[in-house]
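Please go over the structures that come below.
The following pair of complexes shares a single chain, subunit A, combined with subunit B in the former and subunit C in the latter.
Take a look at the complex of A and B:
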């Protein structure tokens, strides 16, 4: 048995760590690329959402590395992701791939069923204590990754050299991949903090613009799917805050709220209440709640990310204009699919950031106008 | 007090329930007119452009209600109608997601209808709703019983094979009045002997039963074939169709479409299956693919028609004719024509 799983941003680091601690043979799919997406798009239903297409591409590429079992989480709706596992099984079967799909969820609410599936993946040689320990360590790794990612978001607009933050980020990720105990995780985070302090450029005048990124989790966590929106914003001198992190998703979705992750999701439903008092599946309500939170915290703008046709996010996006009006904060919705182009996204981001910059200079003096003209 | 009920989305499934409930409360429930050009145009103008056709039509119907002397609009949040399933996220987001398009001065009455929480909680919610309107809890309980009765009656009528117009007309006087003119499920001019085919039209009832939205597809189909709908399928048939799945489908509608579709495909008496979907439908994107796989395995003629606000009648007719020709030839010659183009 060789296990594989779909990519979602940095999630592979955590999942790989989990399986390797348990001595399970694992094949990490090659990093998602345009080619991956093309492979997936060919097999996936035309109007299915983007993550499904990328998932399928990942599996096909992992099959070339010898993978024969897929581990994926499930759900009971009403977001389409909950049914990915079963649909992907059928698609891969009909396309001639002999994959076994293990959906990690309590089937019909049965925890015993979930335990059996975990046992199936982990094999006989692991005790439950060892399995739980491995899960806990993987979770802590995801928290460390989120902390590093957050630091990088803050670093991008502050470091003098544009690529310095990316270099730092990939080095930090390497440290975290290699870390096999808690001490290593702590050190990696500390190292990133120190490095940022050392090469931080002296602030020129104002603090960087702050933009909250909210929306569908896959497009937020996976830079490939969003065409590096967060990095592009960082390069435009914007500090990005996001509504949802990997560890908070794990905490809520996998541990059912027993752990809260780096940035808890639990406040969002309460904040969303005046605008959307009921959950709508996926993270639709969280998107609305996070938008309210960012608006209250005084962010300069909010960007909602979603894959084309995402049902919960469409509901959220039809509610967001009311938040925009109530809090007088610009909100932009950015929809991505397999046809999205980098230049198109870049143009929209630049226009949005321009708008935010102008808003800062609300009352223009004669000198301001001259300065803008000189620039 | 006159309460308006837009003739859109869950109207096509659950109107008898709400009609019964409001009768129990002794309140008048008025439905919007049948979908027409103006409804669609208003919907396109006022609704979010990224959402699906049914929600756009809903927004259009809400506008249409504003000229009808309605005091308030009734738009329940239908979360779940049975255990273990949900309705579509877009229905869970009602009414908030269409608030922006509700005409000024029109109140919105809403409640969360969630059968997953059990009947007791549902009745409690209905009582609270009734009390908010100055009615008593007893009236609400009475209304709930009547509602269940009416809904069951409607569903059993459909299982018997009666048309949508006829069954729904019992609860919706407007439909009964216009049924002869616009709701033509059985074309009176049709030569019965000419219809050699039986075709199952699977899809959400708000598409299959809204003759404006589906460009009068049912009548056109009816000229050459007997048409079967998913509502005619008894629950056992649906269960049977779902058997090949490793995981149960968690959307009520998709479950019904999937199960009925698979059953029709396996049914010898059905010659072909048409899946009527609309652009941007999330659940259809998955069920449609799974039904297609079953059709391919069993060599049943199968076609997907996707509607949107730009659908043209000519394009639809061409595809329909080609499909029916192909199916007819297969049936008459009993030879092995390819079932999927």
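Take a look at the complex of A and C:
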């Protein structure tokens, strides 16, 4: 058995760590590329959302590396992702790939069923204690990764050399990939902190603009899907804050809230309540709640990301204009699919950042006038 | 103060048209050119400059701004002082020409946008995302189908007595619906007016969705030349629509204003322009592209060459080429090896 799984940003680092600790043979799909998307788009229904197309492409490329088993999470709720595991199994079979698909969800609500599937993946040679230990270590790795990612968000607008942050990021990821103990994880995070401190350019007078990125989890976690929105914003001199991190999603959905992850999701439903008082599937409610939180924390603007046709996020996006009006914060929605062009996204981001900058200049001048009046 | 022969140049290179504007020392438009890009942006820019040089042989360009989808290309060729996205450029032009403007409706050849301003600052905007049904090319196409020149489209539409209702959600459906209405025997004027209304409805439902449209409303972009669309907007929004004098070249005008803003602000007095001079017209440029094999992204990198010297490269995700750190020889040379 050789296990593979779909890419979702940095998730592969965590999943690979989990299986390798358990001595399970893994084939990580090659990094998602245009070629991956082309393969997936051919097999997927045209109207399905972008993640399904990328997933299928990942599996086909992993098959070439000898993978024969797919591990994917499932879901219960109104988001289509919940049945993607099953759908992918059938699409791959029709296309002539002999894959075993293991969907990690409680079948018909049965935890025993879920346990059996985990046991199947982990094999006979691992005790439950060992499996739980491996899961815990993988979780801690995901927290470390999220911390590094957030540090990079802060570093991009602050480092003089635009490529420096990306270099730092890929080096840090390499450290984390190699780390097999908690000590290594801590060291990697500390190393990033120190490196940023050392090469930080003295800020020119003011703090960088701060933009909150909210939306559908796959799109915000996966830079390929979002056309590097976070990196592009960083290069425009913006510090990005994100609503959902990998570890918080794991904490909420896998550990049922027993662990909270790097940036907990638990406050979002409460904050969303005045605008969207109930669950709408996916992370629609989280998107609304996070927008409220960013607005309250004084972010300069908010960007919502969603794959074309994502129902929960469409619900959320129809609510966002009210938050925009109530908190007087600019909010922009970006929809992505396989036809999205980098140039279009870039134009919108540039215009959005211009908007925020000009707004800030105006608020600053107003305060200056007030200061003069005081003196 | 600017001298009489000193000008700021604004260039807007879009998918359908390439516009150039010369801004004189009184911040007035001295010249506005509207050229068809026809898929050859480099030649069109040079052609525009040639026309400017012929008309203003004494002109000194003291600042250049570029915008539009080929803004980066134009900036490389010309040596621009400011490179700005078209939304900011349009907003700047509109608020200079008409201070107090609160909404800008802009419909160009292949894109359409709405920009909301309050107190002279952009507070919200949207561009058409996946559909081009509400843009100029669609009108062009339908005018062609009906066998009338695009210039007569609007004036005829305004004559309509009873505009017919045409499904405007999708240009393909609109076309079949239009054929149907023709065969029922509706007059040409009524059908044209119906198309205008369908396009305006489509625009307001897509681009203008959830936007707070307040007056004064400016309507700009090439399609603003069509009085039928203007009338349809006025009926739909229930308020007056203002069409600025230079509606077709507002992007270029905005770019010129931005260049002025940047250079004048730079040092209290005026900064030095990076403009490469009008002799650019006589310079040969080559554009080529290659696929970088450095990683799995396989970025298509574009390079602009002048006499085998690389002026600029872009298209890479990692910045290896655009930062000038990659191979210094041009791709064609490397391939020839």
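In the analysis below, the second predicted complex is superposed on the first by the 362 of 375 C-alpha atoms of A that agree within 3 Å, B and C clash if a C-alpha of one lies under 4 Å from a C-alpha of the other, contacts with A are read in each partner's own complex, and residues count from 1 in each chain.
As a working rule, a residue touches a chain if its C-beta (ideal position, glycine included) is under 8 Å from a C-beta of that chain, and two chains touch if they have at least 3 such contacts.
Given the structure is predicted, the values throughout are model-derived calculations rather than measurements.
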{"item": "Subunit A as common anchor, with subunit B and subunit C clashing or fitting", "value": "fit"}
{"item": "Which superposed partner A:339 touches (first subunit B, second subunit C, both, neither)", "value": "second"}
{"item": "Subunit B versus subunit C as contact partner of A:113, first or second or both or neither", "value": "neither"}
{"item": "Partner chain(s) touched by A:45 [first = subunit B, second = subunit C, both, neither]", "value": "first"}
{"item": "Touching partner for A:278 - first (subunit B), second (subunit C), both, neither", "value": "first"}
{"item": "Subunit B versus subunit C as contact partner of A:348, first or second or both or neither", "value": "second"}
{"item": "Which of subunit B and subunit C A:321 touches, first, second, both or neither", "value": "both"}
{"item": "Contacts of A:80 with subunit B and subunit C, given as first, second, both or neither", "value": "first"}
{"item": "Which partner, subunit B or subunit C, touches more subunit A residues", "value": "B"}
{"item": "Once both complexes are placed on the shared chain, angle at subunit A toward subunit B and subunit C, C-alpha, multiple of 10 degrees", "value": "80"}
{"item": "Which of subunit B and subunit C A:35 touches, first, second, both or neither", "value": "second"}
{"item": "Closest Cα approach, subunit C to subunit B, once both complexes are overlaid on chain A (Å)", "value": "5"}
{"item": "Intersection of subunit A interface sets (partners subunit B, subunit C)", "value": "318, 321, 335"}
{"item": "Of all residues in subunit C, those that touch subunit A in their complex", "value": "69, 84-88, 119, 121-125, 127, 129-130, 210, 295-298, 317-320, 323, 325"}
{"item": "Subunit B-touching residues of subunit A, taken from the complex the two chains share", "value": "45-49, 74, 76-80, 82-83, 85-87, 89-91, 94, 101, 103, 107-108, 275-282, 284, 309-312, 314-319, 321-322, 335"}
{"item": "Residues of subunit B that touch subunit A when the two form their complex", "value": "48, 50-51, 77, 79, 84-90, 92-93, 96-100, 112, 245-251, 279-286, 288-290, 293"}
{"item": "Subunit C-touching residues of subunit A, taken from the complex the two chains share", "value": "30-35, 162-163, 166, 228, 308, 318, 321, 324, 330, 332, 335, 337, 339, 343-344, 346-348, 350-352, 354-355, 358-359, 362"}
